[in-house]
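Letters A, B and C name the chains as they come in the text, with residue numbers starting at 1 for each one.
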Amino acid sequence: MRPVIDREQVLHVARLARLHLDEPEVERMAVELSGVLEHVDRIAGLELDQVSPTSHVVELENVLRDDLPAPSLPVAEALANAPDPDRDSFRVPSPQA
Amino acid sequence: MSEGASGWESVIGLEIHVQLQTATKMFCGCELEFGADPNVHTCPVCLGHPGTLPVPNRKAVDYAIQVALALGCRVAPRSIFHRKNYFYPDLPKGYQISQYDIPLGSGGSLADVRIHRVHLEEDAAKLSHVGDTGRIHGSGASLVDFNRGGTPLVEIVTEPDIRSGAEAREWLQLLRTTLRQLGVSDVNMEEGSLRCDANISVRRPGTEPLGTKTELKNMNSFRFIERGIAAEVKRQVGLLEGGGEVMQETLHFDPATGSLTSLRSKEYAHDYRYFPEPDLVPLAPSQAQIEEARERLPELPGARRDRYASELGLAPDDAAQLAFDAELGAFFERAAELAVDADNRAVAGWVTGELVRVSREAGLEHPAATSAGPEAVAGLADLVATKMINRKTGREVLGRLVVEGGDPAAIVEAEGLGAVSADDGMLEAAVERAIAGDPGAAEKVRAGEMKAIGALVGAVMRETQGRADGGEVNRLIREQLGV
Amino acid sequence: MSAAIDLSVLEAAAAVRDGAVEADEYAAAWRAEAAGDELGAYLWRSDGADGARADSGGELAGVPVAVKDIFCVEGMPTTAGSRILDGYLPPYTATAVERLHDAGAGVLGKTNMDEFAMGSSNENSGFAPVLNPWDPERVPGGSSGGSAAAVAGGLAPCAIGTDTGGSIRQPAALCGIVGLKPTYGAISRYGMIAFASSLDQCGPLTRTVADAALLLEVMQGADPRDSTSTGIPGGVGLPGAERLDGLRLGVPRELAGEAEGIEPGVREVFERTLATCEELGAEVAETALPHAEYGISAYYVLAPAEASANLARYDGVRFGLREDSSDLTEMYEHTRAAGFGAEVKRRIMLGTYALSSGYYDAYYGQAQRVRTLIAEDFRSAFDEFDLLLTPTSPTVAFKLGSRASDPLAMYMSDYCTVPMSLAGLPAISIPAGMARPADGGPELPVGLQIAGPAYSESRLLDAAHALESAIGFDGAPGRDRTTVG
């Protein structure tokens, strides 16, 4: 399986990732990603159905927190880094629909 | 019974989100408070600041296990969290921590509806629209309040076993009662602690493959859910009968107009790119923990129905109706406790019969929440049981109690509504007058035509202004006529 | 006072405690050194209000530490080397830094880094590249390039960085200093801006092995705010070994033998170091990590995949850069396009692709399985050997710009370090000697990597300490080196 990621796929992935790419970037990305994917492809062909995947290297379970309140940030601090604060809320452009 | 009865079967599944009534959020120690000022309950974790990490709430996990057990599910000995990735202003991390292919609970049932899965996740924040702000760029802005973001949620997904909007409503009532009984949520649809979406498709009965399903969202009352589902079923049937096709889409039901609108927007199709949450380790409740949680389960509706029938002697329908409605059941139990002369069945009859009917007619929210409290209903039942008033009077008095409140005995006393009884001789006299006043009917009764007694009873009731006990009148007439 | 800044951290801390060195003067001297930064090592320097508590009696009382700009420190600018966080002031402090504070240390400054820790040369910084103090036309390595350059260049007594695929070890090697990546979970990740959550670890960059041990001991520990943290059971003491008697050292052929692109100079130093090990009483033999060759492939699926999710929060809503628009989607897309550099965009794209519908099993799922195999390879190797040795980096420091046009060539710099990251195992890099680069020029530092089983930091540090003494590397650019004879 030779993965060649084409222009359409690049645009689709860029939309999923909310990244605007200009035209030269789209072309460059297709080439660069294809190059990396070709190398990554070395593992695609391995027969590993019998191997269980590792999602956590550390073997812990049930690490939980008691249901006790901890101090929240004062509102001013919560909004201190906001690019567009509106009194006590974060303002954003409205989502469509 | 399915709507659009002409040869179509509705296939409905529900997806319910329940906010848990813990003290703090799912993954941080911020407190939960409905209606607080914006952004007063936030911290770097629930604001999604760089470098922050989630730590799960022990109580939320316990509550979720209780929900799974109450719904007859198998609790997974090991379940993990997943990231569900998408962009939206109410999602601070750009992903929601949820559970995907290894959920906490699976394979249960509640009444006739099978439960597919139960899992834990965190709620999104609250987005509110402000309309045109008059700013240079502004063609409408939204404000984000992160207080709600991070609230622990249990998601319950049913199999598509529901067959109508009415059934959905009834089943949701039962689910709500169950969750209330568990004490894990205040399950208030108006405040958003109970939310329900429906997946709806139709097919010809007896056929195997399911039709294309649509998703109905944003219905915030049981009534709207019932109507919304009915409307969508009707729409789909109409479409298919007209030779069209049902498109897979998400719809919104507007209860004011009864119309359905598609929520298809500029949003590209969601590819959530689920992968195991690396910042959280698996949940692995032990058998002992699960059994301990099971022992802590309170009496659930099914068990309560059985107890009402076997121990309190209620008829099956009444038992079910009272057991499946938390407030009504509690009301009944209190009234039954207070009643002296009336037995459980009688009290149950007043609650599920007249009380429900009268409060619905008066347009009140719930029969257990009117001005007629359990003491009043118990008192009323006692008055009727001791024949101090007849049933008809009882119904009238209840109608007053529901709207105005008060004490039934006092009302009867004040207005002289007390039954005319056989004891004080007045009733015998009234019966004599009725017989004398309608010799024809009296003859027929003596001759064995018992139907004719109605006229004589009617005459007595008129004279006593409906306050005589019908059974007593009947008995006296027959006694005097010698039949 | 110039004598004081020549002291190791261990020595300086003791001197401050004893009163032989005045804490305020010591800190001021280091601030003066840092102010002379011509390497681009710092993005921000403290003016004195840096949290040091010299009178605390802690193990690091009075010691200033250079902190990679990936650690949130309350009220201090924190950028993760990215323009998308330009101006961001965290409302809280990372646990690792809090522990340094509790031990009496202060933050000397925030060091430059590859943007969001993605890089092996510090050329991906959103602000400016960092120069290698040994040769300003060459890279210091990355992503903790600023921290490494600061320590090697005499701009800080010690530093902390992060290592996801080699980002502490490789720059330490290229700059001729000590760099340690502990067992995954040893140090809390709370407050450490995430790149790849299942791989990221905090660690020290120092001039001596003992200093690294000291910093590690201060920072390690389970943290209730990081549910993947475990600390190191039993803690870490100061290393004392001078010999390696009885130690079985394995050399994985896949990483040290036929490994792609190991420069002749590097190989020569490595072989010489193996001989030194034997002289110190160790048994050295070849071993195998059969699946190590797939390490880069698996890593460059897993790390970008996790990163693509970790970086989704940089959306212009709550903090950082925002490119205004009346359309939400445009706001997101232009904010992220303006704020992220090319390498970050590349990895977000790669990661998003690997997780996307239809590709998950072939890429992400498969990479998770390779990860299991690599971890098993290490377990087998550690049945027979106590520690494993490899060169840290296949090459010495390369020239700025020389790998810019070939991302894959850049990724291959991590060839020897990535497998330990995938398996969550501890590894240290110490300077082993000097070698000429393949493209000619004066000699540059070569690092030796020592790896051990989970939680074997004490043994690791002991072995490193013994070797450090025997090698006698004099770790400062511009001076004569003593090479092992």
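General observations
Keep this in mind: a residue touches a chain if its C-beta (ideal position, glycine included) is under 8 Å from a C-beta of that chain, and two chains touch if they have at least 3 such contacts.
None of these values were measured; they are calculated from a predicted model.
When the interfaces A-B and A-C are ranked by how many C-beta pairs touch across them, A-C comes first.
Measuring from the average of all protein CA coordinates, the nearest chain centre is that of A.
With every chain reduced to the mean of its CA atoms, the largest distance from chain B is reached by C. Chain B and chain C have Cα centroids separated by 58 Å.
Distance from the chain A centre to the chain B centre is 40 Å, each centre being the mean of its Cα atoms. Computed centre separation for the pair chain A/chain C is 23 angstrom, with centres defined by C-alpha atoms.
Annotation for chain C: residues 88, 91, 198, 224, 227-228, 308, 312, 315, 317-319, 324-326, 328-329, 332, 352, 356 touch two or more other chains. For chain B, the set of residues touching two or more other chains reads 44, 47, 55-56, 87, 89, 137, 139-140, 144, 266, 271, 273, 278, 280-281.
Multi-chain contact residues of chain A (touching two or more other chains): 16, 18, 55-56, 58, 60, 63-65, 73, 78, 90, 92-96. Residue ranges of chain B in contact with chain C, taken from their complex: 44, 47-56, 83, 85, 87, 89, 92-95, 137-140, 144, 266, 271, 273-275, 278-281.
Across the complex, chain B is touched by residues 15-16, 18, 55-56, 58, 60-73, 75, 78-79, 86-97 of chain A.
Within the complex formed with chain B, the chain C residues making contact are 71-72, 78, 80, 85, 88, 90-92, 94, 189-194, 196-198, 224-228, 305-306, 308-309, 311-315, 317-319, 324-326, 328-329, 332, 352, 355-357, 360, 364.
Residues 22-24, 28-31, 37-44, 47, 55-61, 78, 80, 87-89, 127, 129-130, 137, 139-146, 263-268, 271, 273, 276, 278, 280-285 of chain B are the ones touching chain A in the complex. Listing the residues of chain A that touch chain C in their complex gives 1, 5, 9-10, 13-14, 16-21, 25, 29, 32-33, 35-37, 39-44, 46, 48, 51-58, 60, 63-65, 73, 77-78, 80-84, 90, 92-96.
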